[in-house]
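Here the chain labels run A, B, C and D in written order, and each chain numbers its own residues starting at 1.
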Amino acid sequence: MTADTASMKQTAGPSFGSDYMGGAHPRVLEALTETNALRTPGYGTDSFCQEAAALIRQACRCPQAEVRFLVGGTQTNLVALSALLAPYQGVVAADTGHINGHEAGAIERGGHKVLALPARDGKITAKAIEACRSAWEQDETRDHVVMPGAVYLSQPTESGTLYSLAELKAIQAVCRKAGMLLYVDGARMAYALGCPENDVSLADLAALCDAFYIGGTKCGALFGEALVFPKPEQIPHFFSLMKQSGAVLAKGRLLGVQFKALFTDGLYEEIGRQALAQAARLREGLRALGYEPLGASPTNQVFVRIPAALYHQLIAEGLGGFWSVEPEDAYIIRFVTDWSTREDEIRRLLDMLEKAR
Amino acid sequence: MTADTASMKQTAGPSFGSDYMGGAHPRVLEALTETNALRTPGYGTDSFCQEAAALIRQACRCPQAEVRFLVGGTQTNLVALSALLAPYQGVVAADTGHINGHEAGAIERGGHKVLALPARDGKITAKAIEACRSAWEQDETRDHVVMPGAVYLSQPTESGTLYSLAELKAIQAVCRKAGMLLYVDGARMAYALGCPENDVSLADLAALCDAFYIGGTKCGALFGEALVFPKPEQIPHFFSLMKQSGAVLAKGRLLGVQFKALFTDGLYEEIGRQALAQAARLREGLRALGYEPLGASPTNQVFVRIPAALYHQLIAEGLGGFWSVEPEDAYIIRFVTDWSTREDEIRRLLDMLEKAR
Amino acid sequence: MTADTASMKQTAGPSFGSDYMGGAHPRVLEALTETNALRTPGYGTDSFCQEAAALIRQACRCPQAEVRFLVGGTQTNLVALSALLAPYQGVVAADTGHINGHEAGAIERGGHKVLALPARDGKITAKAIEACRSAWEQDETRDHVVMPGAVYLSQPTESGTLYSLAELKAIQAVCRKAGMLLYVDGARMAYALGCPENDVSLADLAALCDAFYIGGTKCGALFGEALVFPKPEQIPHFFSLMKQSGAVLAKGRLLGVQFKALFTDGLYEEIGRQALAQAARLREGLRALGYEPLGASPTNQVFVRIPAALYHQLIAEGLGGFWSVEPEDAYIIRFVTDWSTREDEIRRLLDMLEKAR
Amino acid sequence: MTADTASMKQTAGPSFGSDYMGGAHPRVLEALTETNALRTPGYGTDSFCQEAAALIRQACRCPQAEVRFLVGGTQTNLVALSALLAPYQGVVAADTGHINGHEAGAIERGGHKVLALPARDGKITAKAIEACRSAWEQDETRDHVVMPGAVYLSQPTESGTLYSLAELKAIQAVCRKAGMLLYVDGARMAYALGCPENDVSLADLAALCDAFYIGGTKCGALFGEALVFPKPEQIPHFFSLMKQSGAVLAKGRLLGVQFKALFTDGLYEEIGRQALAQAARLREGLRALGYEPLGASPTNQVFVRIPAALYHQLIAEGLGGFWSVEPEDAYIIRFVTDWSTREDEIRRLLDMLEKAR
């Protein structure tokens, strides 16, 4: 097998299905390879985790933050929220939020109600959160009612949209006033940070949140999420909480090595910018063909409504992924770009759509 | 940096601390590197997971088995036992069993009592298990008492010992008669399979157990465990159970790729044999210096009793790991070999011990 | 203290606040008094529980049913649903359902998501339930989504309304087709059975449900709920499930004695009829004063919208109870009758309302 | 019905089986009857609960204590310990402790490991508790090990024995030093307080414990336990924790009424003294017949070893209860007295034993 055919073979496979379908960014893989023969203490006590945590604290301009590395997003959400919430508290979230719809009930399995608010473009407002909390406070039977104890946001949201800094500050003000904690799921954080429309930095998140995570799995790592607690020692014995949920990686340095690579020389934001450039190209092409992207996503997720027949054809070709069944024999299909998306893939998709007209 | 110095640098670091301190076996890493640029569907639905599962079914001579890939051992134990046990059941285990002592209460967090029996050399007997179950059956208040619903064994045990085929069969007979399920934690399975004293094959485990896992993390993989249910469809919707415990890897193919490599060309057993050869060399050296290994471990774990001062010296040098504090100012130290253990490391350890005499 | 003053003292106190504010029906109290000096085996193994269960099986025309006695409604809901649901399943309920709003998150604490559907007059429809289940079935990511595994209804509902037999049959048909279980919360069952508009008998519930409970606490008992599983042995070791939730009463016969009294000589339905006669009288009086009852409740709960000032006055007098805060400086107040409601109480309430005009 | 037939009817039924086999003490029943026709607010917000709490605070000489009323012992243990323990903590208990053996795994179902220590006569020592905690502290892998976070004692113990004040103080000192909380299960507290050998008052418990409960069910009430938190507001939102475990009684005043009666005019201690006088009589008679009571119980539980045939005969007659199966065709039988035990019952038992010689 020549290098060319190897390359061709490796580039085959589905495209636009999601941002977890590829491997690691070459620089991340290289770091793993270089360090493979080393032996280090386990469970995140190694020097790579320390270095990665230091880089993240620096990126967050939050020298006192506690940084923990976990393997996946659902795991991070369930362990973090279990730690942030008292048993009698629930977590306010958009009804479209990942914890409400796509984690198989992990938050409830952990004992907490998800208090779902109707989302608009994947987002909930400070006003709606305040109303939810006020309704509880004014309810004379509130001791029988789940207390809204924390707010869960995704940045970017599951719909690809972004909270603005003003929106986040307003939400944080509601939380602070009511004594609720603010948690942000950043599974796709790179695609927020790399987005021209975005005005929320990691330092802003560290200033506003009680906890948030910086996603690795969908943003250039093989796997891994970096959970940041800006206020140190907020959660005592967090390691044991992780352990009892099976959320500690024995070879913890694998997480440190990857996040060190991602936070060296601006790689994490570069990954975001690459994906967004391709998403912009895709949106332009779709519009030219008459497919107006739905919603307000400025990030790496693009949604369009297409007829059922075309949907099945694209899925069969490994292009795009299921989003929802619609009335009138239609589907919403989602196209997701990432740092590895290539122009020829976009051309191939647009060609197929053009032929289908 | 020349290849030599790079190699020297990488080989620095702790030795004998545990079998999770290094990276992946070169052939596993190579497989990950080769497949890195591919895109595949997520969550274990890819072809690598299918191929790896097929290879494991073959190794287990159990064509109907269901094989699931998880990330780590505690995670696998907690998800598997939650699935195997009814809410009113507990799991019988050696008091030295990993789930009883070193998983931060994960099984209890999942709602189940660990019914700990006194272990001898890390093992429990069919007779003791039967007595435990009989005591429950004969207890006239048994509806108020946790029912022993499953048995947890480790092969090899936490003490490095092995269950013989005869012992396993006797335990399985007790389980079958009483309606209890049998689960085996194989975190270090390679070091059982590669051990001359071992007479229990994967096919035996598939024939005798309701579930068991074949460890990857400590046996050549970066991470990963292969959970085998020999009776198909025993656990409906197991994927959702995994998901709600945060135990699904988004880029699931990483597990398939690694286990495919481990179960190709006999790599998994080879890894075991390499580690055991080094353990034998270490035991011989220790004995020559008057340190008689404690217990009956024939596998890759070696335990010796040493004075506190020597213990602290060895730990400071990154040689061996904590096992327990003993009376009379002594410690038990544990030395663990794995496939990456080198002869020069053994010499270095023995030299230090010799000097300390 | 003369009998008169004693009586006056005892009849003082709040009225219409709820149906759990009084003591037991005199015949229930008498039965407890008569049996007080007896000694019986504990935990529900006594003959009174057996007799009461037999009477309930007879009332349900379901000779094979398993009947369990628990202390309270939230307790019964959480133990029953934990037993009926697999860990990966959630329970479909009206958003106004007691388990969704007023049990402090007990169902989620037990590990299950409440899949809330918008209610109309406290009820959900077969069509909406079917749509909820279909959406899950058609979702290509359904393994990541909580499976609707059971349906929770209240009869009467929290809004005082009733499911008709036709509605229940339609819901049961949806459940049966989809493999979902049907559970009915009958905390106020007497007020359904005693209602002229009701066409659902206990025998119908036994024929249609997988489990339901017949409320005692709000229907003449000091406390207690009778949980009926029409299909015997559906839930193995249910006693142990109760015990591990702290839901077993040591002096279990207290439940048997009370339910035996309630199901002797038609007392349970008589209690319902008495309360409904008073509710009818109250509705008539309210309408005459221009307060049109809200919603469609034909049972013992009456809701009216009143100005805030009047609301606070009535509450201060112990008349009625909080239902909700409304816009425009108004409240919804709830008036609940039970078997102990007296005509003079209704007159007193109507007089106050008249004076406030 | 004449007094005679009433008496005969009432004397039927088992004796010495346990202290939960009868009804309520006449004065408790009278209080329930007198208040039956009252209407009061629900869920423990009534004036009887306030009065009972005040009486208990007085008896505990702890004016600031928070007092909560629950229905049963297992329920109280599970809710209290869930509130006292952090998720990563377990509770140290005697292996014979009720939570370890007879609550069907309720504590584990709530997520916590019971760290069982070998008991002697039902008791554990300050030294053993300290050793357990020290082992955890000295364990270099302690983050992977369940932290001993609280100590559970029973007073009297399940074996009928008592902790002395000196023993309790020593245990509390260990707890305070290590930051562990101390919890005492007082299901049979009256039989400690009424015991001449006892030197631990309620005031001592309030001074030494973080929480303890005063048992009603086994000590004269129909049901109910009074949970005391000597340090107010230690557990925020405890009501909601109760509610989400189904541990709130709707007609909460029933608990207040009963505990008010029990703590009026010294009834609670009187109940204890009555039972202990009968237990003393029983022990004397047993010894005279050559049955030496086992263990060191000075309270209302008496244990003797008898041949299997005699055991089955006594059980068939409703005399005594199962304790354990012994080797050599023998049983341990338990005889329990309470305030309702009569001399004729003791004579009947002793007569049967005499005949069996």
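Basically, a contact is a pair of C-beta atoms (placed from the backbone, for glycine too) under 8 Å apart; a residue touches a chain by one contact, two chains touch by 3 or more.
Keep in mind that this is a model prediction, so the values were computed, not measured.
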If every chain is reduced to the average of its C-alpha atoms, which one ends up farthest from chain D?
A
Is the C-beta contact count larger for C-D or for A-C?
C-D
Chain-centre distance (mean CA atoms) for chain C and chain D, in whole Å, is 32
Quick check: how many Å separate the C-alpha centres of chain A and chain D?
51
Separation of the C-alpha centres, chain A versus chain C, in whole Å, is 43
Give the residues of chain B that touch two or more other chains, as numbers and ranges in rising order.
87-88, 103-105, 109, 143-144, 240, 243-244
Which stretch or stretches of chain C touch chain B in the complex?
43, 82, 86-88, 143-144, 147, 236-237, 239-241, 243-244
Contact set on chain B toward chain D in their complex:
87-88, 90, 101-105, 108-109, 111-114, 135, 138-141, 143-146, 322, 325
Which residues, counting only chain B, touch chain A once they are in their complex?
7, 10-15, 17-18, 20-24, 26, 29, 32-42, 71-79, 103-106, 109, 217-218, 222-223, 240, 243-251, 254, 340
